[in-house]
Each structure stands twice: as C-alpha cells, then as structure tokens.
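Multiple structures are listed underneath, in structure tokens.
Below, subunit A partners subunit B and then partners subunit C, in two separate complexes.
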Partner chain A sequence: MTKKKPLQLFARLLGNERWQFITIPAFSILCSLVAISVIILLIGKNPLEAFSSLLAGAGWIAKSNYAGGKAAFTDFMDMLDAFTPMLFAALAVTVALKSGLFNIGVAGQMLLSGFIATVAVGYSDLPSVVARPLVLLIGIVVGAAAGALMGWLKDRFNIHEVVSSIMLNYIFQYVISFFIKTRYIDPVSRQSRMAAASARLEITDIKIAGVTTHFPLGLVLALIAAIGIWFLLAKTKTGLELTATGLNAKSARYAGIRTGRTLIIAMGISGALAGLAGVTYYLGSVRSIIPGELTSVGFDSIAVALLGNTHPLGNIASSLLITTLTSGSTYMSSTVGVRQEIASLIVGMILLFSACGGYLKLWVQRATSEQLPDKGSESVHPRTISGQEEQA
Partner chain B sequence: MNTIIIDGLSFALPLLIIAIGGIYSERSGITNLALEGLLGFGAFSGGLFVAATAGVFAPTSQVPLYLSFLVAAGGGALFSILHAVLCIKFRADQVISGVVVNIVSIALTGFFTSTINAAVFGQASNKFMLSTSPRLTIPLISKIPLLGAVFTNFYPFEVIILVLVALCWYLLYRTRYGLHLRAAGDNPQALDAAGIDVARVRFKAVLMSGALSGVGGMCFAYSISTNFSPAIYFGSGYLAIAALIFGNWKIMPTFAACLIFGFARSAAYQLVLALNADASVADLAMITPYVITLLLLAFFAKTNRSPRALGELYDKSKR
Partner chain C sequence: MSEVIGVIGAGGKARPDSAAESDVILELRHVTKRFPGVVANDDVSLSVRRGEIFALLGENGAGKSTLASMVFGMYEPDEGQLFVRGTETRITSPAEAVALNIGMVHQHFKLVSNYTVAENIVLGDEPLRRVAGVLPWLDMRGAEQRIADLSARYGLEVDPCAVIENLGVSAQQRVEILKMLYRDSEILIFDEPTAMLTPQEIEHLLNIMRNLRREGKTVILITHKLDEIKQVATRCAVLARGKLVDVLEVADTTTAKLAAKMVGYDLALTIEKKSAALDNAPTVLQVDHLTVEDDNKFPVVNDVSFRVRAGEIFAVAGVAGNGQTQLADAIAGLAAVKSGAISLDGVDLTQMTVRQRARAGIAYIPEDRHGMGLILDLPLLQNLGLKSYFHHPFSQRGILQTEAFEHHARRLIDDYDIRAGQGPRTLTRQMSGGNQQKAIVAREVELDSRLLIFVQPTRGLDIGATMAIRRRILDQRDSGKAILLISLELDEVLALADTIGVMYGGRMQKIAPAATMDRYQVGEYMMGARASTSASASTSTNASISPNTPATSAAPATSAAPEASAAPAEVQAGTGTQQG
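Here is the complex of A and B:
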C-alpha cells in the first residue's frame, strides 16, 4: 500500500468530479507543456524563454520594445481579433457534436458566407449603420442555409454529413475561386478586392488610453452567442431535443422527437454560427479572400471545441488558449528562434492529453476508492465514494 | 482519352489503398478519421528514409524507391498505434482521437522535416526530395485501343497496390481473422463470447489501416510532387473516407467509387486542356468529381449501413 501513496495523493489532487472539468484540462495542458519543453531543450533552446515570448506575442505580457503608439494592449486586441471567429467556429462544431453530428464543413460555410457578404455589402457604398447589421444577417442566413442543406441531405438521402460537408467544402472553394478570379480580383495582391471599411466588423486605428489599436465588433456578439448556445442547449425544449437526439437517436425517436427535423435544425444552427465566424473572419481581421484556399480556423475549431469539452462556455476558455498559442507563435519564432510549428505541436499535445481525460477520470475514481476497505462497492457508487473522500 | 485513363488510375489507386485502410479499421468498429494524418506520417517516414540513404545506393538504383514503400507502411503503422492506444486502451472518443492524430501528424512531420533538414542535411527546406518514379509500359498489350491505356505509362506502385488490394480482399473476406474483424465491428459481444480478444482484433485492424494509408501517402508523394512536403495533406484522407462510405464499407464498391472519382477528376482536367480554356475556368471544372459523388450518393446512399458497433467503445458488460 505504501508504494501507491504518491499516486493516491496525485489522484486526490485531481479532485472529485465536481472540479474535474477544470483539473483534468489543467493537467493535460501541464503535461503537454512539459513534453514540449523537453523538445525545445533537445533542440538547444530555453523553453521558459520560448513560452514567455509566446505570451508576449499574444499581448498577455509586455515585449521589450514597441513601435510608436503601440503597446501590449495592441497585441492583445490583435489576439482577440483572431479569437472572435475562432469562438464562433468552435460553437458551430459544438452544437453539431452535441446533436450527434460532425460538422467538418465549417471552413466551407465560413468561406461561402464571407464571400457573399463581401460581394453583396463589402463592395457597395452603404453607410456602416446599414452595412454592418446586413453583413451579420447575411452571415447567419447563408451559413444556416449551407448547414441545413447538409442536414437535409442526411435526412432525405442518408448521405453521411462528413462526406457531404467534405464534398461541399471543395465545391464552395472552387466555385468561389472561379468568381474571385474572373470578377473580383485585385491584380496586385492576387486576392479578392478589399471590402469597404464601412462594412467591416471592426473599428480600426482607434486610440484607447493613448494606445493605437482596433476593436473587433463581433467580440461581444461571440460572447453573447456562447452564453446563448449554452442557454439553448441546457434550458430549452429545442436544446433537449438536440441533445437527446445526439445521445441516442433511436430512443429520441421513440420518445416522440422528430429526429429528422432536429437534424436539420442542428445543422442549421451550426451553419449559422459558422457563417458568423465567416463574416467576422473575412470582414474582420482579414479584409480579402485568397482564391482557392480554406482558412485553417475551420479545422482548428474542431480541436478547440473538443478541448472546450464541447461545452459552449468551455469553448471561450479553449478559444482563448489556442488563439494565444497561434498568434504568439510568430513573435516566438522571430525572437527565440524556435520554429512556428511548435505552436501547433503544443496544440496537438494538449489535445492528445485531454483526449485521455475520460480514462484519467476513471483512473482517479479507482485510485481514490481503493482507500476504502470494501473494494466491491467501487463500481456501484463511484460518485458517492469520491464525494465522501472529499469530506473526509 | 488515354491520358484520362492513365492519370485517373494513378490518382484512384492510392486513394483506394487508403480507403481500404479505412475499411479495415471501421469494419473492426474503430472510426478512423485519422487517415489523413496516417498517410502523411507514412509519406514522411518514406521521404526521410530516401533522404537519409541518399549516399548508400547508386544514384540510378530503384532499390530505395521500393524500400521507401515498405518504410512508409511501417511509419504509418507505427503512428497508427497512437490512434489505437487512444481508442482502445485510453477509451478516448474515436472521432476526437482521429482529429487529434491528424493535428499531431501535421505538426510533427512539419516540425521534424524542417528541423532534420536544418540539423542533418544543413539546408533550410521543409521538403525531402525523392527520385522520379519510373513509369512502365507493357509492350504488346498497350497497343490495344482504349484498354491498352491501362497498361501504358503506369507507375510501378500501381501494380503494388493492385496486389495489396487482392491480398486485403482475401484477408478480409476469406480468412478467419477477417471474419473476426468483421464480427468485432458488427457484434463484438458475440466475438467475445466465442473466446476472441476484441481489443486485440481491433488493434491489429488499426495497425493495418496505418500501414495501408502509409503506402497510399507514399504513392501520392511520388506521383503528385516527387517530394515529401506538408503539401501532402491536401485532403486525400478525407476523400478516402468519403469513398469508403460511398462504397458502403465494402472493398469492391469502394474500388468503383475511387475509379469514378479518379476518372472524373482527370476527365475534368483534360476537358479544360482540350477547350484551351482560361485557368479560372479550370476551377469550375474541378468541382466535377465532387458534384458527381454527391449526385451518385443521393441515388445510392439509401441502403448504406455502417458497421453496427462502429465508434462504440467495447464494453463487456453491455448487452
């Protein structure tokens, strides 16, 4: 028994079930940082230096020097710029996953809504009071339509949503590339022409406390959306229907839920969120579209949603973490000389460890319940046992 | 017309071998979204092998070419252990695990390729150069109109793939292990009751999918770019998943799906060339394979049925 002491201590450190939603991700992040430190040490660099420059690049701590009028706050807002579409995209994946669907087409839905909004509003001279709400509306409608199309294809024709979304990703990508190249190309940048500033979901070059920066208008909306989706899933009838279908479609049908309709609603909501991600991305931090390319935000959002435990509010934390890593990595590679790829390696490692979270939970349960003399009861009431442990 | 067949086959066959890898894993009950990452890691291992042994073999030797496929299979299998361990031992969600494996593979291979190039070969590059694969033509048969194109200008790996496909088909449908594998995906409880270790069967199946994907990745590395670079991740793993779902998780229908896909793709290319059209029109033509796939699925997907226990953790106590 004495040999198991440190392990048990460690298990108790991870806490009971009530706190595991925070202790287990924290442990995963810690493990991955340790693993990455070893790699950075192996290539002969200082890991602490690398991590601090990563944070500085994302604006959490100050860099050694700044260009005129800029400060750590500027970098921080830059990071929030990338954070906004990431949170929307992660929410899109979350809603679908909660409903038992896998929306791998977020990138395509983003591109489609971003493109249509750019062409319809971004190239017009509408005043910003009209243009900005219109951009948001287009994002929601176009995204929802694209998402619902996948749901409909699955309901009507039994086409797996993974297949249809991959196919539609390619179709959107090529068709939009065709239109950009033939009509909306900027001959110098070889991208689509810049959208008008009045349509952009971002206030640029404002001074806040004497520091030049910009403010992503979608940020507030994204946070509201996260809370709204949480409310929808946890507190409403539609939310119950979605999650019930996600947990077990067959029993949901027996319970009288119209699963086909639920499927289309789920993909519609997911698509609308992806559309919002698209307009806050293509009319937010970037102003033009590169023809024939899908943004990596669409695929990274899958990882972000999973890291956030597919919980709408957890997504806020995980989006913040991942965008910190990605937007800080350029500064890290330029100052410390650690390659930029390290950032995505950290993301991968964090995910790797958090994928084992379920197992870890089980292990903690076993390790803590072993302290009790009666081993047989462990499988019967693991919840009460770990609860008693905490009080003891 | 000949070019359509030649190019179509050289795209369809690597896609097929990756899809068969997917079939092995999914028929055993393990969802495998990791194909993209596995094929990339396989190609990375093969590329690294070619780069590392550049001085060992004579410059004109074909040995590294063939050995690289073997190494790629090994690399893919090695990396698939990650997916297998996560799904089987650590009880991770299989979709999550697949996505994670892809992300880790892209990050890891990109990082190591740059680092190894800088540290060992002293050049700043994110590629491993490969030798150009030879292309073979069988003398007499290739003269047959239309059908002869199949025997003209083909890559040696296409033969390797066809042999592998035949072996995989036999293994899956005609051997005891294949029966166990299919049972593990449809009714693991029955398999367990028969005294077979479900976890072991599934583990082997995932390893198999890693090895086959690795070979497929290496083929793409030779046929598309003659190097290993992060450009290998162009979505062929996901396409292979689409093909195997299209093929209803069976080898022969998947073969047909891949052929349709490959030919539609090369026909679209040739059409653009023949019309002498602008490069931007090529973008429109490129959607052909994807539109055809969706349309065909709309007609034929009704009867599709995934393996019953696909994506489920095997739990002995479950009824």
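Here is the complex of A and C:
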C-alpha cells in the first residue's frame, strides 16, 4: 500500500485528460532519453555531452566555434531545411490515417513530383517569380494525382492502398531512375543535374549581421498547411466526412456519405501534401535526385505522424523533434565520438515508448479511478450510472 | 430501506437451520461498490443456494452487472463481505474466481475467431502430457473427447472441431458455457445471455440452464426479461438504482409484480393502440418484386413485394437471417438491388444514392447500432447530426457550425430523454446501450421523414426504454408516417403491427392485417411450415431456372449467346408477374 502512494501521485500528475495529449508524449520522450543515457554510459561516453552536442548540431544552442560566416543560426536554418519536407510528409500520412487509410507511398509521391518539377521547371530559364509558384503547383497537382490514383484503385478494384502504394513506389523509383540515367545525369556526381537556383524553394546567401544563411520558402507554407489541415479535419464538412469514413466506413455510408469519393479525396489531399514534401525536398535543400533511391523522409514521416498523435498540430512538434535528432547527429558523432546511428536509436526509442502511450493512458485511468475500462457491459460505466442517478 | 432490512431478515431466516446454511453457496453481506460520484451497489445483502437458478433483475444501470462482476473478481467491493461456500473470501481477479469454480459468460464473447472450439476452450488451461516422461505434448484429442462428452451431457450441441468464425452467435455462447464447464465451474454467471438470440435459441439456452441445474450447478442469471425469469429461475433478486428491492420466490409471483418492483411503480406492459384508418390512406412505400443478392449471388431477398401506407405500421416478422436486414438495407440504399423497384410516394428510388433517398423521405434505425447507426468515437452532438451535418444550419459554405450542432443536440437530449454524462460533448462510446439507441431514434425521427424503418428497435433495452421507443413508433404512425418495423421479437410485432408480413428464406411468405393473424399462425409462417405460398414460389423459381439451363449450356455451341440468354430473361419476368 505504501508503495502505491507515490505511484498514484504520479498518476494524478498525468491524469488530467485535458493535458494528456502533451504530458504522455513528454513522459515517453523522457523515458527514451533515460534509456538512451544508459546506453551512452555503457559505451563509456557522457550522455549529457552527447545530448547537448545533438542540440548544438541542430542549431538550438551554440557550438564552441564556427567557421567564418557561420553561426548557430545557420545550423538552425539547416535543420529547418529538413523540417519543412518532413512536416509536409507527416501531414500527408496524418490525413490518410485520419481517413482510415495508410499512405505508405509518400516516398514515391515525393520522388514523382520532385522529378517532374525538376525536369519541367528546374531545367528551364524561367524567372523565379514564375518558376517557384509553378514548382509548388506541380508538387500539389502531381502528388494529388498519384494519391488519388491509389484511392481510385481501392474504390474501383478493391486494391488495398498499402499494396498499390508500395508497388507504385517501385514503379516511380525505377522509371524515374531510367530517365535520369538516360537524359538528366550529371556525369561527375552520378546524380541528376542540379536544378536552377531560380526554381529552388530556398533563398540562399542571405547575410544577417555578417552571418551567411538561407531560408526555406516552404517553411511558412508547411506551417500554414498544418493549421489548414487541422481546420479541414476539425471544422469542415469534408473533414467530418473524412473522419467519419476513417472511424467507421459502414456508418459513414449509412449517413449518406459517398465513401468511395471520400476515399479518393483523402488520398488526393494526402498525395498533394506528399507532393509538396517532394518539391520542398528535391528543390529545397537537396538539389538533385539520386537515381534509384527513395528518400527516407517518406518512411520516417509515418513514425513522425504517429509520434505527433496523428494530429496536424502535433506533427509540427514531432517533426521538429525528429529533424533535430537527425540533423544534430553528425555533429554529435564528430565531437563526442558517439556514432551517428545513436540518433536513429533515440528516434526508435522514442517511438517505442510513445507506442506504450496508449497503455500508459489506460494505466493512469485505472490508477486514478480504480476502474476497469475494458469491462464488457456498458451498464456499469460510471457515466451511465450517474445518468441513472439523475433519473432518481 | 425497510425492504433491504426485510431481505437481510430473509437471509437470517436460513441461518438457524444448519442444513439450509450449508446449502448457501454464495453470500453477499452489506456489499457496497462506489464509482467516482456514483454508488453502483448500495448495501446489498443476498445469498444464493446451491443448485438454484438465481436471477438478478433490474433496468439498465441498476447495478446487476456490477454485482456479478464483483463475484467474478473484476471489481472488489468497497464495503461488505463475500462468502463462498461459507468462508469469507476476497476475489481480486477473474483467475481467482475461476479457481473458486466460478465462471461467467459475458455479453461480448471472448473467443479467438480462427481457432476451433476445443482450442478456445483449453486456452489458458492446456492439457499437457509428457511423451516418454519428458516431451511436453498437447493432448487435443483427449480435450476434444472431454468437450464432446460435456456437450452431450448438458445438451449443448457443440462440435469441438468447428472453427469459431463459422459458428453463429448462439453456438459461440454455448462455447463460452463449455469453457466454464471444462474448468469445473459450479457457479455459472450469465450476463444478459438472451439479448442477441432468436426465440428458438433462447428456448435452447433456457433448456441448457435447466440441464445445468439438474446436474447440480448453480446459475446466476442477469436479465431484464421477465418471462425468462418466470420460465427458469427459482428465485429472483430485484435491483433498482443500486439498491436491493426484494428477493422473491419466482413460483409465488407474477411478471407484472416483478416489473412493478423493478421500475418502482406499476408499469403498463401493453400499449394502448388506436386502430388505424387505412382504407383511403395513400401508399408511401411501394416495393415491387425486389431481389437482393449477397456476395455469393444467393438471393437473400427474393422477389418481395409489399406496400406501406401513411399511418400504417407494417411489421415484418421472421427468424433471424431470413433476409429482413437486407430488405431494410436495400430500401435505404445500402444494399445493391438485383432486380425489382422501390418507390416512395410514387417516385422511383431504385437508382438513388443513400443520401438522395434519405432526403426523399426515408429515416432508418438500423439493427447494428454500433457498426452502422453510430460512430462511437465521435461525440454525441456529431452523431445526432450525422444525417443533417451537410446542410443549413449545420454547414455553411462547407464550414461546420458548432453552435448549431450543440443547440440541436441539447434539444434532442431534452426531448428524447437521452442521458449523457457530459451533455452534447459526451463520447458516444461512453453512453449506455439504451441511451445510444435513444440517440439514433431521436436523430431519425427528427428528420421528419415520410417513411421510418425500424429494425430491432428495442433489442437489449430495459422495459422503460422499450416502452418509450414503442410509444414513439406509435406516435409517428398516428401523425401519419409510414412505418416499416422489422423485429425478431414476435411480441413486438404483435403489439405494434397494423399489417404483418412474415419473411422466411428471403421471401415474403404472408401478408395479412394484424387483426386476422394470431401468434401461432405467425409462428408457423416464420418457421416456413405453412408452405402454401412458398410451394407456388418454388415452382416459379424452377420454371425460371429450367429454361435457363439448356440455354446456357447451348451457348458455346450456338454463338448466338446474347439472344439465347435474353429469351429466358423474358420467361423469368413473365413468371414474376404471374406470381404477383
């Protein structure tokens, strides 16, 4: 009994349902950092040093010294370079998940839209005022078309979106690889030729207080997209149709929602976001395409979306966290001597612990109310009984 | 309060008699269980005798499930004591309850669907043998034999080798019973066991309970169905709002008396019904030669024709699985129509979408409340707006108007007495079954449609809620709506119908005014026993199939396949009209 006391106190700390969406992920992250600290200690390094070098590498805190014209601000902008496509991609996964679909084809959709935008605009002489909006437009249209295709295949032929998107990933990957190798190859780098600076979604060589930096144009758009998707899902008619179909397709059909159409719309929106991720990636910080390779952003985004509790605004936080870890890891390995892979390990640990979030929630619920939530009969639910009390 | 004391007195009466004392297998003394803000069981004292069928009666939320859950170790009482076989016991988990030979069949079965019956039963208690003294070996053969023996002994009729997903609800329930028997349970708790069963299956289950009793088992039956108690139970404890009202010898009481105890006042078990004036009433729903096929191309609804007039309750009786659900789905637009036509107020609906039909004037209270009628993970206010979210005032230029939803929900909650802990924002999943159904009924009735389809509207509801919904159906009829009522409960059909249609094997066997049919006639049609119409129906099926067979077999030879297949289609249409 005495052992139970601090546990209950802790449970009450996490128990406030209003704040659980933030307290539980925070607790999961804390747990994983503790676990990782143990591992870093075991390999004989200082975990605090490792973490601070991670943060320094991502530009959150200052490094001990910088090369000429660089500052923490530069590193921070580098991190935001990676953050922008990650947020778009995570939103793509989120929209699909909220609609009951699993878009595992984000990487393929990114590649397709990035490639088409590079070829159509990146190699042209269009001035940036025309080129940049055109790149974004291509990203949206091509991505949406690729996504909607999967939705249509599911609606028309009952092909599961996971199967079709994995297959299409391969098709995009190899067909595009063929074109790059035969037409757009840079003989030196063995990658596609660099896209013109005027088409890139990035303002380079800005000088602020003697520091050279750059600014990802997609960043603002990505943040707007996160808010926009939140609004779409929570406040609009279409959003209600998407969530209703995602939660229970049979009920949605009963309510008169054309679930087939909803499916195509959901995959279309998801694809459009993936397309934006593609152009902000391939025409953002990365300026060329490696033939025959899908970017890991597409797959990491699934984890990021889940870590963000498949909430559009939660995705902002989770994308920031994951990109901080990945972009800080190079500096960590060079200064502390902790291998870069540790960053992936941290990401994995965080995901593992946040997967336990559901259990934690259940546990908190039990500890605070001493009640079994999975009890079969509804009639014993306190709310029901309180309803009965009102009757009395 | 005086009643509670009376019961303790009744328990006390047994005490001086030492023979009766040993007869008590389970005793609860002053048991109280509180949930945050609520007292689920308030100072309940009762004793269950060895070898009796002891019923716990009460409305939804009266605390009967909580009480049984404490016996099965799912909760611990906050106050009071529990005696099993005369010794005070604390049961802190279901595993401990099983060790004390207490078993429970839950409302929702806990079975692995792709395992066999025997595998499910031995799960967690596998019969291990050592081959040559060392190698562990799962003795499935022996387990199957033992299960088959148990099944035969108690009349359960379960094949130990059948796979769960191929079994119906009733058979799965019997597997749960076998699970308890396999673990040598002496006290068997049934939580609302008949809620999902057809009349025949209920009969079978009650027989099983009698067998259990004959073999010396003690049965605790949680129910709110009075006639079941009357049929099998020896004694009955009535609970209301967590308190024990009384314990009665079933043989000495009447169902009316039980009902009065349960709700706390005398309740009219029959509904006053004005007879409908239908002679000049316009036809609202017209169904012509409707055929619906399932995924295997089997005609689950086969050439069904009927009409429902304004101010009429057309009740479809039938045993579960004879095409009633598919008929309702087809009218609402949720099942594809193979052939035939559906029209509402003379407008043909057959090609319309679900929403077009709803807007044309069809409200639908479906059988599957959780799977279809509601989206459990959405709050109540959105579920109440599920059929109207897309138009004014709920949506404006594609943006949802939260205040409109809230206002609408508050009004319906008041008007239809829906009880939801947190008002419109309550997650629908957290509401009780009765209130969930009230919410569906409220939403659909508010659509003010010409036709209302009710499928199993009162299944699993307590008497109070059942009566409220039945009255609501009659009110709708009296206000000139056409009602299509589909129910498996014959009592419901007989209580409400103006016209009765009986479905069997996908066909409408008989349509007649309710006044001209009695319970037994309807029952005979339900079982397909009266074959007068079905005989002619089957000949017409033969007639339409036989010319078809040579035509299709001849097709490869003659190459004029399209013409050949067109001819029998005409024949089919011809026989169809003749029959109609």
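Rule of thumb we're sticking to: the second predicted complex is superposed on the first by the 368 of 392 C-alpha atoms of A that agree within 3 Å, B and C clash if a C-alpha of one lies under 4 Å from a C-alpha of the other, contacts with A are read in each partner's own complex, and residues count from 1 in each chain.
As a working rule, contacts are C-beta pairs under 8 Å (C-beta built on N, C-alpha and C of every residue); 3 or more make two chains touch, one makes a residue touch a chain.
All values derive from a computational prediction rather than experimental measurement.
*Asks:* Please work out whether A:164 is in contact with subunit B alone, subunit C alone, both, or neither, and reply first, second, both or neither.
*Replies:* In the superposition, A:164 touches subunit B alone.
*Asks:* Pick one for A:292: touches subunit B only (first), subunit C only (second), both, or neither.
*Replies:* first
*Asks:* Of the two partner chains, subunit B (first) and subunit C (second), which one does A:253 touch, if any: first, second, both, or neither?
*Replies:* After superposition on chain A, A:253 lies in contact with subunit C alone.
*Asks:* Once the shared chain is lined up, is A:129 touching subunit B (first), subunit C (second), both, or neither of them?
*Replies:* A:129 sits against neither subunit B nor subunit C.
*Asks:* When the two structures are overlaid on chain A, which partner does A:188 contact: first (subunit B), second (subunit C), both, or neither?
*Replies:* Touch status of A:188: no partner.
*Asks:* Going by the contact rule set out at the top, does A:345 touch subunit B (first), subunit C (second), both, or neither?
*Replies:* first
*Asks:* Quick one: which bits of subunit C touch subunit A in the complex? Just the residue numbers, please.
*Replies:* Answer in residue numbers: 35-38, 40, 59-66, 69, 74-75, 106-108, 191-192, 241-242, 332, 334, 353-355, 358, 364, 366, 368, 371-378, 382, 386-387, 389-390, 395, 398-400, 402, 419-422, 426, 430-433, 435.
*Asks:* Looking at the complex, which residues from subunit B come into contact with subunit A?
*Replies:* Per the stated touch rule, the residues are 33, 82, 86, 89-93, 95-97, 99-100, 103-104, 106-108, 110-111, 114-115, 119, 235, 238-239, 241-242, 245-246, 279-281, 283-284, 286-287, 290-291, 293-294, 297-298, 301-302, 304.
*Asks:* Can you tell me which positions in subunit A touch subunit C when the two form their complex?
*Replies:* So the residues of subunit A touching subunit C come out as 235-240, 243-244, 247-248, 250-258, 369, 371-372, 375-392.
*Asks:* Spell out the part of subunit A that touches subunit B in their complex, as residue ranges.
*Replies:* Listed in rising order, the residues are 43, 102, 104, 153, 157-160, 162-164, 166-168, 170-171, 174-175, 177-178, 181-182, 291-292, 302-303, 306, 339, 341-342, 344-345, 347-349, 351-352, 355-356, 358-359, 362.
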